[in-house]
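There are two complexes below, and they share chain A, which is joined by chain B in the first and by chain C in the second.
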Partner chain A sequence: MTKEEKPAPFTKFPDICVRCATCMAACPVSRVTPRFPGPKQAGPGAQRFRSAAEASVDDWIDLCTGCRICDTVCPAGVPISEMNLLAKAKYLDERGRSFRDWLLVRSDLFGEIAARYSKLVNPLMKKKAVRWLLDALLRIDRRRDLPAYEYPTFRRWFRTRQAPEGGGPVVAYFYGCFTNTNETDVGKAVVEVLEAHGLTVVVPPQRCCGIPRLGVGDLRGARKMGRRNVDSLLRTVRGLDIVFSSTSCGLMLRHEYGPLLHITGAEELAQHLFDICEYLLRLHEVGKPAVTFRSIPIKAAYFAPCHLRSLDMGLPALELLRLVPGLDVSLIEAECCGLGGLYGFKREKFAIAEEIGKDLKEAVARMKPDIILTDCEGCRMQIRHMTGLKVLHPVQLLRDSLERRGTAQQKGLLKRAGQACKSKNVRLVISCVRRVCLFLP
Partner chain B sequence: MVKVVTMADIAHCRRKFMDLQTEVLIIGGGATGTGIARDLSLRGIPCLLVEKGDFTSGASGRNQGLLHSGGRYAVNDPEAARECITENRILRRIAPHCIEPTDGLFVSLPEDGPEYRANFIRACGAAGIDTLPLSPREALSLEPRLNPRLIGAVQVPDGAIDPFTLVVENARDAESRGAHILIHTEVTDLIRDGVRIAGVRVRDRITAEAFAIAATWVINATGAWANHILRMAGLQIGLALSKGSMLITNTRLSERVLNRCHPPASGDIIVPNDTVSILGTTSLRADDLEHYEVTPEEVTFLVDELSRMIPDLKGERFTRAYAGVRPLLQSEEAGDDRMISRGFTLIDHGSCSGPEGLVTITGGKLMTYRLMAEKTVDFICERMGLHVPCSTHVQRLPGAGQGHTLQDRLLRLRRQAPAAKGEILCDCELVPREAVDAILREGKVRELQDILHRTRLAKGTCQGGFCVYRLLGLLNERHKADVSGGSNLILKAFLEERWRGIRPVLWGTSLKEEELIESIYKGLFNLTSGEPVLPGGGGA
Partner chain C sequence: MKRFDLIVIGIGLAGLTAARTAIGMGAKVLIVGRGMGALTLFGNTVDLLGEIPPETDIAEGITRWIAAHPEHPYARTGWEGIESAIAAFRGLFPPPYDFTASGQGNVLLPTGAGTMRPTWLTPVTMAAGAAMTPAETLIVGFRGFKDFQGDTVSLHLKCRGVTLSLPRYGLEGLSAPALARLMDETSFRERVGESIRQQMAGERFIGLPAVLGLREPAAVLKTLESVTGARVFEIPVLPPSIPGTRIFHRFREELIAKGADFRMGHPVSGVMVKDGRCEGINIQNPPLVAEYRADRFILATGRFLGGGLWAEMDRIIEPVFGIPVFQPEERGKWFGERFFDPEAHPIHRAGVVTDADLRPVDAAGRVVLANVRAAGSILAHHQAIEEKSREGIDIATGFLAAKRALAS
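The block that comes next holds the complex of A and B.
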C-alpha cells in the first residue's frame, strides 16, 4: 500500500457526533428493520467499541444500503456512511464475499457480451425458470426484474454515428456502465442535448466507476477502478469539463475517489465533474444557450435520488424541467427508493428494499403522474418495478422537448415506425410510437 | 437524598434489622470495607457493613481504575511496589472479569532522559516486576499515537480494573456468605460501654430513621473520612487528604496504560478503561471532603502535560472530569504529597490509649484493598482467638464476564431475555433495559446513582443526557420513583451531578451537544431550575 492509499484515520469520527439522532430518524433501513440499529448506533456509536485488532462482529453493517442520507442530514458533519463503509469492508474482508457478489460487481465486464447477445439474453432473463435458477444458485431474488440489455451499446453508437458539424466548445461525457449497455437512450439524449446547446461531445476512454465494488466493501477493487479512470480522464480530458448522467457514478467520481479512496489527481478531477443537469442549468443561468424548449403538456413527477442529494448541489434537474413549458412537474416527497444499487437484487435484502420503497410508491400513487423522472438508473429500475409507470432520465425528456426537433422529429419517428413495421421489428415500432405520443399535446 | 425505592422495601429492611447486633461492624462501603466483609464472611465471622452513600462513593469509585504493576512505585517506594505486584497477580486470579490485562508502557521522552529508565528497570527487577524494554519503533508500533520523539519504553504488567464491579462483587459475595450490608446508612455516633466501643448509632439517609447497632468490634474503613468517625471518639490520626483530578476521553486513546518514565508527578498517566481512557492525575490538598471540584487550571494542566506523551491529545473529545480524595498517611516531614508512602496502616485504638474494640484501617490504595482486608481480619481473628486462615487470595469472586469491545457487548446483548431484546436504554454504552431490570429485581438499589454504579449507563459520550429519561421511564413503570418528588427530582439531582462532571471539559463538540441537551431538557421537558435540588452521590 502506498502512501496515497492510506485510509483516513476515522478514530475521531465518534467524537464529532453530538448524538442528536437526526440520522436515526432519516435512515431508511432502520425505519423498516430492527436488524439495523441505525446510523448513529452502527456508525459513531459502534466505532467507540471497535478495535482494529479484533474481528468484526456487527453483522448488521452489511445491511447499510449506502444511500448516504445519514451524511446529508447530519448537523455535525460526521461522515457516517464512510465509517459504515470502512466497517463493512473490514467485516466482508474477514468473512469473505459470495460468488454472487463477485459476479455482480463485474457487471461491466459481462455487460458488453450480454449486450452483444441481447436478443438471446433478454428473453432468457425474463424466463421464470432462469430467474428461479438465479435465485436458487446465486440468491438473486427472482421477484426482481433484471434489466434488459441493448445493442448497439452506447459506446458503439457514439463511435459509429455521424457526428454533427460544428466546432463548439468541447465537453467530455462519462456515461457509466448501465447507460452503455442497458439504457443507451440516456446516453444518446445527453449527447443530443449537449449538442443542441452548441457543444461538441467527446467520450474519453473509461471503465466502471467502481461503486458496485464499494457496495460490497471491496475498497481495493474500487480503488483499482478509480485509479484507471482518474489516469485516463486526466490524461485525455485535462482542462475539459466532464459531465455524468448517472448520479451514483458521479458521486463515486466526485466524492469517493478523493476523500475515501485517496486517489492521486482525484481532487483535480472533481473540480471538472458536473452532473448533466447541473451543467445544463449553469449554461441556462449564464444565459448562453439559444435553446428553447417546446411545450410538453404532461404531468410528471420528479424523484431526487439519495446519491444526487449527497452530491450537495440542490435539485438542478427539477429546475431545468421547470424550463419546459407546459410540463407540470412536481417533486416526489419520499426519501429513498430502497434499491440501493445491487442491494435490492440480493434475496436476503429484497424485502428490506421493497419495504423502504413503499413510501415512494404511495407518494406516486397519490400524485398520479403520467411519467416519472429521476437521475439514477437504480431508482428508475425500482420505480418501474414498483409502479409500472414510464420512468425516464430528466435529460431524455429535455431531449424530447428540444424545439428544433418538434414535428420534424415526429415525422421522422413515424417514418421509422413505418419502416419497422415492414421489417416486423415490434420493439422499434413500440419505441417510436411511444416517443411520438410523448410529443402529442 | 432522593429515593428510588418503595416504602415497602425499606420497611422490609427495617423489619430485618430492627434488632441489630453483630460481631464485627464495618463502617465504609469502599473496596477496603467490602473486602473486609468478604474476608470475615469467608472465615465465618458474622459482620455488618454500613455505608453512608452507595458502594464506591469515596476514593474506591473515584480513581483511575489502574491495575498497578507496582512499576510506578518501584524506584521511590519499593515496599509498595512489591505489594502491588503481588496483589496484581492475585487480582488477575480472583477477579478476572473486573480486569483488562492491557499491560502498560513506561514511556521515556527526551526530557526524561535514559538514566531514570535504567534505574526504573533495575528497581522493577528488585521488586519482582517483569519488564520488557522496547525500542521507540517497537513502542510506536504498539501505540501509534505516542509521541514519535520518545527515546524508549518499558513494558510492565499494568492493567485496567473496574472498581465498581470489584466492590459490588465483593459485597455480593459477602452477602451470599451471611454478611449484612446497609447502604445509605450513616454512622451518627459511637456507643461507648466503659472503655469499649459497644456499637454505633446510625441513621438511614433516605428514611431518616435512626437506630443502633451493637457490635463487639467496630472497624473504621472510611478512607478519607477516617477522622470524621474518630472524632466521635475524641480521636484523630495524621491523615493528609490529597485531591486527584482526572479527565475521561470519549474513546480509548491507547490499548495499553501509558506512564511517563520519570519520578512520579502530576499528569503523567493515561489508563484505557472499557470504551474510554482516563487521564490523570493531579495532587492538591483537599480541605472539604464533601465539596471539591476539578478546576480549569487542573484541566489545562492535565491536557498540556499529557499531550507531551500523546501529541494530538488536544483535539480529543473529553466527556467528563472528576476528582477523588486520597487518604494519605501523614509522614513527619511535610512536603509534596506524592512523596508520602502509599502504604496503609492498621490502628488498634485500644492499644494506643483509645477505646477498645475500635480499629481503623486507612491509607493504602485500591490495589492493596485485599491485603488491607486480610491484615485487618487477621488482627481481629487473633484478638478473638480464632485461627482461620485467609482465603480471599484464592477464592474467586462471583460475577459475569465484562469486556469493552463490540463483540463483548453484542454477546452480552444476545444473552439477554428475548422479551428485552432490541431495547437499549443507553445507546452510547449499549446497556440493555434488561440489565437495569435485573438490578432493580435484586432490590438492593435505593437511588438513581446506585443504578449508575452498577452498569455503564450514562458513562458514554452523552453522559446520560439522552438516556437517563429513558431510565426514569423504566423506574416509573416499576413504581420505583413515586415517592418524595418523583422522577422530576431524581432527574434534577442527576443533572446537577452530571453538570458538575462535564462543566470542566465543556468545549468543542461536547459544548455543541450540551446546547442540544439543554434545549431538550428545558425546551421539550420544560425542566426549570428553582426548586431546591438535592445533591446526588456518585462517581464518574
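The block that comes next holds the complex of A and C.
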C-alpha cells in the first residue's frame, strides 16, 4: 500500500461543535423525517462515541444525502458532512453494500453502452414491467423517472464535429458522465458559449469523478477514480484552465480529491478548475465579453444546488443570467431539491427525497416561472419530475441568447453530426428490437 | 479576484443590516459568513434595552442611559441613530409578518423557561404574549418536541398547560424546523388548532412554542386563531430559533435580489493590510484560497459564540485583523465570583473599542485601520445579555457603520 492509499486519518475534533443547532435549521433530511437525527447528532454528537475498534451502530447514517448544507451553515467550522461520510463508509463497509449500489455507482461504465443503444434502452426503461422488475429486484423506485440516454454521446459529438477555426486561448472541459450520455446539449452549450468568447475548447481524457461512490461511502473506489482523473487531467492540461458544468463533479474534483481523499496532485489541479458560470463571469469582469446577449423576455427561476453552495463561490450563474436583457430571473428560496444524486432513486429513500423536494416545488408554484435554471443534473431531473417545467443548465440559456451569425447553419451542423453516427445496420437492429418491445406491457 | 465597494465580515444581524444598508445606497457588497451566523441562536424579538422598566418611555430611557454610559455602543449612534435603523429594519418586514412595539416602553413576553422577559419589537406571532394573563392562558406543548417543555413553562407562568400528540408523529424526537415546516401546511395546522380547541376550557390566550411556520407564519397564526377562537402567541424556545431563521431568510432573499454577493461556510483566513488600510481578504475553502478586494470593510463577527473574539489561555484576541481587544487585564479577572452574578462577568464587557466613526482604535485611541469599521456585539463596553440590548446594538451599529463607511 502506498502512502496515498491509506485511508484518511480522522483528525477532526468533534468537540469544536458547540451544539448550537444551527445545522438543524438547515438540514433538509431531519426536517422531513424524525428517522434521521440531524447533523448535530449524526455528526459531532455521535462522533464522540464512535470508535474505530467497535462496530458501527448508526443505523440512520445512510439517510444523510451528502448535500453538505450543514457545513455551509455551521458557525463553528465543524466538518459535519465529512464526519457523516466517514461514519457512513464505516457502517457500509461493515454491513456490505447492495448489488444495486454496486451497479448504480458504475453508471459511467454502462452509460456509454446504454447511450449507444438508446433507441432501444429508453423505451425499455419506460416499460412498466421493466420498472417493476427494477423495483422488485434492485429496489430502484419505479415512481422515479429514469433519465433517457442520448446518442451520439457528447464525447463522440465533440470528436466528430466540425470544429470552428481555432486560434484563441485554449480551455479544457470536464463534462461529467451525465452530460456525456444523458444531457449532451449541456456540453454542446458549454462548448458553443466558450467558443463564442473566442476560446478554443479541448476535452481531455476523463472518467467519472467518483462522487456517486462517495454517496455510498466507498472512499477507496472514489479515490481510485480520482487518481485516474488527476493523472490524466494534470498531464494533458498543465497550464490550462479546466471548466466543469456539473457542480457536483466540480465539488468532487476541486475540494474532495485533496482535502478528503488525499490524492497527490489534487491541489495543483484544484488551482485550475472553474465552474463554467464562474469562469464566464470572470471573463466579463475583466472586460472580455466578446459577446453580447440578445433579449430573452421570459420569466426564469434559478435554483442554487447544494453542492454549488459548498463550492462557496457565490451565485455566478445568477449574476450571469442578470446580464441577459429582458430575462426576469429570481432565486428559488428553497434549501434542497431532495434528489441527493442516487439517493432519490432508492426505494427506501424515495419518500424522503419527495418530501424534501416539496418545499422547492411549492416555491416554484408561487413564482410561476416559464423556465427553471440550475447547475446540477440531479436538481434538473428532480425539478422536471416534480414540476413538469422546462429545466435547463444556465449555460444552455446563455447559449440561446448569444448574438451570433449562423444560428441556422450551426443547427444544421448539429443535425448532420447526429445523422452521421447512425449506420443502416444499427437502425435495422433498433427497429427490430423496438417491435419486440411493443409486446411488453 | 473580485473587487467590491464594501466587504462585510459577519453574517449575523449586524452584518446583514450593514450589507442591506450599503446595498440600499447603491454599493457593490460582499458579505462573508462563518456559517450562517448567530441569528438562529437569538433573533426571537428585537431588544433595545431590556433594563428600562416597561413604564418608562424607551426614547427617554435610552437617552438617559447614553448620558450615563458614554462608552456604550449606543453612545455612537444616539437615540436618533437607533430610531432610524430600527425603522429601516421594520421596513424589511411588511405586514402580515411585521415587527411592532406595543407602546412607548418595553413589553414583557413569556419565554421557554417560563419567565417574563422585556423586549421592544415583537413579531406579529408573539405580540399576544404581552397581553396574556395566567388565568386566561393555555400553554400547549407537543409530545416528542424536547426543546419546549410545556409543563415547566405553564407551571412557572401559573397557567394551565397541555401536551398534545401530533398527527403523523409518534414520540420520536422532532426538531423545531420539522414542526415549523409541518405548520406551513394548511391541513396540518388546522388539525393542530382543532386538537387545541378540544383541550380548551374557556381560555382566551394560547401559548405555543415558536414553531409557527417558516414560510408563512402570519397565515399559521391566523388559522390557529380562527380555529381556536383565542389569541395565539409563540414562545421562544431553545435553538435553532425559527423566528431567527425567518429573519435570516428575509435578509438573504432581499440581499440576493438586490445583487449582494454571499460567501458562507468558510471564514476569513487572512487579510491584506498595507499602509494602515485593509486592501482585501482571503477565504480558504481547502485546498483553495480565494482573494476578494474592497475599498471598505465592516467587521461584524460577534463575540465568542460567533467567533469574533477568541479566548486564548491568557488573553482575548480578535482573530481576523488582530485588532486590539479591550479586556480585563488578566485571566483571573475574567469572571465574577458567582455564575449567575447579577453584575455581568467582566469578560462580557470585552470587545473592540472604536472612535465616533466606529473605526477600531488601540489603547492610545489611534485608529488601527482607516477603512475598517466594527459593528454589532463585537463592540466593547456593552453587556448585551444582561442589558438585553443585543438586537438593538446589532441593528443600530450595523446601520451606522455602513452609512459611515460609504460616506468615506
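Here is the rule we go by: the second predicted complex is superposed on the first by the 395 of 441 C-alpha atoms of A that agree within 3 Å, B and C clash if a C-alpha of one lies under 4 Å from a C-alpha of the other, contacts with A are read in each partner's own complex, and residues count from 1 in each chain.
One rule holds in what follows: contacts are C-beta pairs under 8 Å (C-beta built on N, C-alpha and C of every residue); 3 or more make two chains touch, one makes a residue touch a chain.
What you see is a predicted model; the values in this text were computed from it and never measured.
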item	value
Comparison of chain B and chain C by chain A residues contacted	C
Touched partner set for A:119, first chain B, second chain C, both or neither	neither
Partner chain in contact with A:267 - chain B first, chain C second, else both or neither	second
Contacts of A:255 with chain B and chain C, given as first, second, both or neither	second
Touching partner for A:15 - first (chain B), second (chain C), both, neither	first
Touching partner for A:54 - first (chain B), second (chain C), both, neither	first
First (chain B), second (chain C), both or neither touched by A:161	neither
Partner chain(s) touched by A:310 [first = chain B, second = chain C, both, neither]	second
Touched partner set for A:127, first chain B, second chain C, both or neither	neither
First, second, both or neither for A:238, with chain B first and chain C second	neither
Common interface positions of chain A, toward chain B and toward chain C	18, 20-21, 34, 76
Contact set on chain C toward chain A in their complex	2, 33-38, 40-41, 144, 169, 172-178, 181, 215, 238-242, 245, 249, 253, 256-257, 259, 261-267, 283, 285-288, 290, 305-307
Chain A-touching residues of chain B, taken from the complex the two chains share	250-252, 255, 275, 315-317, 404-407, 409-411, 422, 427-428, 430, 460-462, 465-466, 509, 512-513, 516
Chain A residues within the chain B interface of the complex	11-12, 14-21, 34, 40-41, 45-51, 53-55, 57-58, 76
In the complex, chain A residues that touch chain C	18, 20-22, 24-27, 30-32, 34-35, 37-38, 71-77, 254-255, 258-259, 266-267, 270-271, 285, 309-315, 318-319, 322, 330-331, 333, 359, 362
